[in-house]
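You will see two complexes here that share chain A, one where it goes with chain B and one where it goes with chain C.
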Partner chain A sequence: MASEPAAAFEVGRQVKPGRRVGAPPVWAVLIEPYALFLLFLLIVPLANVALFSIHRYSPTRIALPDLTFDNYRKIADPYYLRLFARTLKLGLITTVVCALLGYPLAYWLARARPRLQAFGLFLLIMPLMVSAVIRIFGWIVILGRKGLVNEVFAALGLEPVRLLYTDTAVVIGLVNVFLPFMALPLMAAIERIPPNLEEAAQNLGANWYQMFRRTILPLSLPGLISGSLLVYSISISAFVTPALMGNSRERMAAQQIYDEVLVSFNWPSASSLALTLMLLTLALMFLALYATRRAARLERGR
Partner chain B sequence: MSGRAPWIILPVVVAVYVGLLAPLVVVVGVSFGPSATFAFPPTGFTLRWFAEFFASDAYVRSFFRVSLIVGLLAGTIATLFGTAAAVGLVRFRFAGREAIETFFLAPLLVPEILLAAALYLLYARLAVQASIWTLLCGHLVICTPYVIRSVTAGLVGMDPRLEEAAMSLGATPVQAFFKVTLPLLRSSLLSGAIFAFIISFSDINLALFLSGPQSTNLPVHIFSQIQWQGDPTIAAASTLQILIIGLLILIVQRIFRLRMLV
Partner chain C sequence: MADGIELEVEGLTRRYSPQVAVGPISFEVRAGEFFSLLGPSGCGKTTTLRCIAGFETLNAGAIRLRGERLDDKPPHRRDVGLVFQNYALFPHLSVFDNVAFGLKLRRVAKAEIIERVGRILRLVDLAPLAERFPAQLSGGQQQRVAIARSLVLEPRILMFDEPLSNLDLKLRIQMRDELRSLQRRLGKTAIYVTHDQTEALALSDRIAVLSHGHIEQIGTPDEIYERPATSFVAEFIGNSNLLPATIVERGEREVIVEIERGLRLRSAGGNLAGDGHEVVVLIRPERIQIKAPGVGGTPGHNRFSARIVTVTYLGDDLRLDLELATGQMLQGALKNAGAARDWTPAQMVQILVDPADLRLLRR
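Let's look at the complex of A and B:
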């Protein structure tokens, strides 16, 4: 079914029963509601953030409508540089750990029998859909001062360790929350590699690790790239995990934004931070999207 | 055979699953245990924390009057928006179609916490009071792409000749859509709706910014209870959410390909 642009010129003639000339085409009527909705609740808010980010902060009136780039210049302050460096570092560690754990999981899932795979996917996706705050709460119980880990330590006669409110705890939480975003694209990529390719490599004398390095790894690279970019970009904007599991003085960027919006009401500064983080994330996300599309195109071309 | 995958993979996979599921198991365990200090494994069995959950105004309101209502509304409206958009995108050819498709899935690319801050600042500029409606609007932004995805998958997998056959037998396009296409889309529609509900029901990032004092949803209430060192009622509330979401995911897995949605 195609829309008929020519119909618009045939003024005064009924083209189809029930559809007047000059009426918008059907596709426009169908996509319009959500397009308008997104315009007002995605584009306008982002434009508003951009606008706030060039306003001047005023302690009494929050934002004065001047044009200033001070909010962006301020990001070069040592405090904010440290904040971003920490955020990007924790994001990187999380991504690497997710990749290291995600590969075996993805390989196993990709090569599992259908029923087992369905079960494995359920166990992977179900926790993903439960609110992050609940999973983090579980980790607090496990890692807390009187938590499961320390109870085991005590039973073994070991000193209790401080696990919660450290960077280690934040990384554990982030990996736990975001691992599925690494495992799923990886699994999809590995599934597309025909199993007989593995056999062929091994018949030619490669052991399993050589085969993995020479076939699975390069062929699943698009999955690894898109999974990594996805995990990296969502971990650098994570809020709940560092807020509940991290040190309250060593924070991540999203916590700073939260405080500046809801606690100190410095909306211009918060806006410049948010926009910077958003542009960084969007750039990564589009790279991920590009990597997956490219992989899909290569796949179709095969 | 030398070609077997190394033995180390299985232990790693098991360990990863243990890590993924441990927090949920612990939360469920604590919710049925008598200890007020979150002792795990539980030393007994009690429903006390569930009783406290239902006796607490704040918990009951956040669960039934906010999370559940906003989730149901978000699921329904997102399904209407998303189905219309998916049909428009898949069944018609027009200039800029791919750009619009990317635009429609764009909310999945914006970090939720930043979207939340942006919506908060817009509401603030327009002096809109926080309520369940401001929360609902935010949720619709992040829920609808999932419906678009599932309905698109359903439409692409469907034989367009079925519609054409209906029309050649005298049905109008509208009749063909409602009598042929829509019934065939049933499972992808339902999956999309369920997913939209889940996304709204378990969302905390948007709700942290968009819910007012009277419209705190369950995850935000749990969040503040954790910060204020609440009792295992937190665990009881969490267990209820885990049960509901687990059940819904099972349904989606029965009727649809789960992995097309995430």
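Let's look at the complex of A and C:
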């Protein structure tokens, strides 16, 4: 039917230029591949996880067909409560440390000359380009019992400290990788602040610290919030870094989930933990976004 | 106007690179004076202002505020207010909080802040808009917030960096007049940076004309316009006819010069700046009188016959391009009224110039 497409095209022209009758809108065509990808590789498995989480565990058949909320009830256990508390706490510490280190860095990058900025960005993103295992091995060399830090301590006549396989090591490792996720949104936010606002503040009598607190900080808050959300949500689901650098008994949630899936084969329990972690993250995100939008609305003076 | 020197700039030099430098620049601003730095872009006027505000460091020279060294203080301790070209209002703060910004930093009591901000907002006619945010204001209103924000701190000097350039023409003239009357009423010393000669002439007590990082002339608007020190000043301020000439006869009351093709002109004796032999003749277009041929002129005036080449219609003014019989081109300006409206291209006319209106400048 050689004439058919042309005819359809002509009909389509009368309705709306460039669109055939009955054809899906352009946006649908554009997002279709990724939408399918998400549907089959994220939403379907996630629904499966959700289903597992409300089934009873069986050591022999993994999951029994009867429905139960026991997997969730179990999370009220002190063991699991501590697990989540530790996960959220380490996520929070990582986020705070990233913010503290990221702000000066982002400010410097935002105000640097273009060539210096490009070089700085390259250095900032470098940890992301190194394989996790190699990066962590590097940290083990530095933080280990006979590592660089302790050798320096020994040379100074100080007692060796236990760094590796502690929460400190986990935070160091997480900050190392996730700092760009904080610094980049911050940098983008600070770049949008005209430099002469800083000068205006100083002209009105603000020293550098007062200027920062009263202009840069409030005006870059959206960047800080999106950076914090990113860092927080990826650090509470971190697996490799806590597994290789943390204490095997003081775990983070992802390690527990991994163990329950692959070691004890308690898929229902692992599913409930995974969903709880996900819902916690989502809830925190919505809370933060709601707070920013409120702040933005206040700023516009409505 | 008080005679005290408020601000003294001495040998201010700021080098960006061996090729690009500003200064040495020296001038004094008297207390209560409206002082303008006028020049084309890149002449160093904004750099000078930023040096006074403390955003640029001097490579050499000194700035003194009432005799006290200013240039070694950090920007936040200088007590000189600056109104930025794009106003630089804080977008996250209301009009009230923008104006209160400096007072809060100075830990002024809350009741006093409310009182002082309220007073200054009434002064600039913004009291009803105190709760608005900068994005909700018009350009002219933002401008007034920026002025109020500096003014409320009662700085020794108020500085303006091209504050009107972002406004449209009508508003620019209105704000210009408001600015002038505000400054007069408060008796505040003001330094004003602009590239717009009309603005500088209308606002200033004195003007410093800058070019390529140097001061060409400092004087009252009248002095700058009537007796420009250099051909740059003559050309930059207003319209001008500039003709290279050599001095033929130097008398007490009269100087005779010769421009190209042997045409001789008479100039009043006091109009000669400097003692060089080579000069530039300046004739302002509006000082050229145009008459029909044969009509008797004032005796003693320079008189030539010329042909009208073009008449440019400017609304309130008419600009005439005139070609002298000896070939030189001159520009004349007439008010668009009366007989002036009858001049048409190709007409033959006679031109009269009073020797007093013929300035001789250093070449």
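Everything below uses one rule, namely that the second predicted complex is superposed on the first by the 247 of 302 C-alpha atoms of A that agree within 3 Å, B and C clash if a C-alpha of one lies under 4 Å from a C-alpha of the other, contacts with A are read in each partner's own complex, and residues count from 1 in each chain.
Note that in this section contacts are C-beta pairs under 8 Å (C-beta built on N, C-alpha and C of every residue); 3 or more make two chains touch, one makes a residue touch a chain.
Every value quoted in this text rests on a predicted model; they were computed, and no experiment measured them.
Chemist: First (chain B), second (chain C), both or neither: which does A:Ala283 touch?
Modeler: A:Ala283 contacts neither chain B nor chain C.
Chemist: Between chain B and chain C, pick out the one touching the greater number of residues of chain A.
Modeler: B
Chemist: Please indicate which partner A:Asn196 is in contact with in the superposed arrangement: first for chain B, second for chain C, both, or neither.
Modeler: Touch partner of A:Asn196: chain C, not chain B.
Chemist: Considering only the touch criterion stated at the top, classify A:Leu64 as touching first (chain B), second (chain C), both, or neither.
Modeler: The answer is neither, since A:Leu64 touches no partner chain.
Chemist: Is A:Pro127 in contact with chain B, with chain C, with both, or with neither (first, second, both, neither)?
Modeler: Only chain B; A:Pro127 stays clear of chain C.
Chemist: Taking the superposition on A as described, I'd like to know which of chain B and chain C A:Asn207 touches: first, second, both or neither.
Modeler: Touch partners of A:Asn207: chain B and chain C.
Chemist: Now for A:Pro218: first (chain B), second (chain C), both, or neither, which partner does it touch?
Modeler: A:Pro218 sits against chain C, while chain B stays out of touch.
Chemist: With both complexes overlaid on chain A, does A:Ala85 touch chain B (first), chain C (second), both or neither?
Modeler: Neither: A:Ala85 stays clear of chain B and chain C.
Chemist: Overlap of the chain B and chain C footprints on chain A, residue-wise?
Modeler: 199, 202-203, 207, 211
Chemist: Once bound in the complex, which stretches of chain A touch chain B?
Modeler: 1-3, 17-18, 25-31, 33-35, 37-38, 41-42, 44-46, 48-49, 52, 101, 104-105, 107-108, 111, 118, 120-142, 144, 146-148, 175-176, 179-180, 184, 188, 198-199, 202-203, 207-209, 211, 233-234, 237-240, 244, 254, 257-258, 261-262, 267, 270-271, 274, 277-278, 281-282, 285-286, 289
Chemist: Write out the stretch or stretches of chain B touching chain A in their complex.
Modeler: 2-6, 8-10, 12-13, 16-17, 19-27, 30, 37-40, 80-82, 84-85, 87-89, 91-94, 100, 103-104, 106-107, 109-115, 117-122, 124-125, 137-138, 140-141, 144, 148, 172-174, 198-199, 202-205, 208-209, 218-219, 222-223, 226-227, 234-235, 238, 241-242, 245-246, 249-250, 253, 258-259, 262
Chemist: Sort out for me which residues of chain C touch chain A in the complex.
Modeler: Its residues touching chain A are 53-55, 74-78, 80-82, 84, 86, 88-92, 94, 101-102, 105-106, 131-133, 135-136, 149-150, 153.
Chemist: Under the touch definition given earlier, write down the residues of chain A that touch chain C in their complex.
Modeler: Answer in residue numbers: 194, 196-197, 199-207, 210-211, 214-215, 218-219, 299-301.
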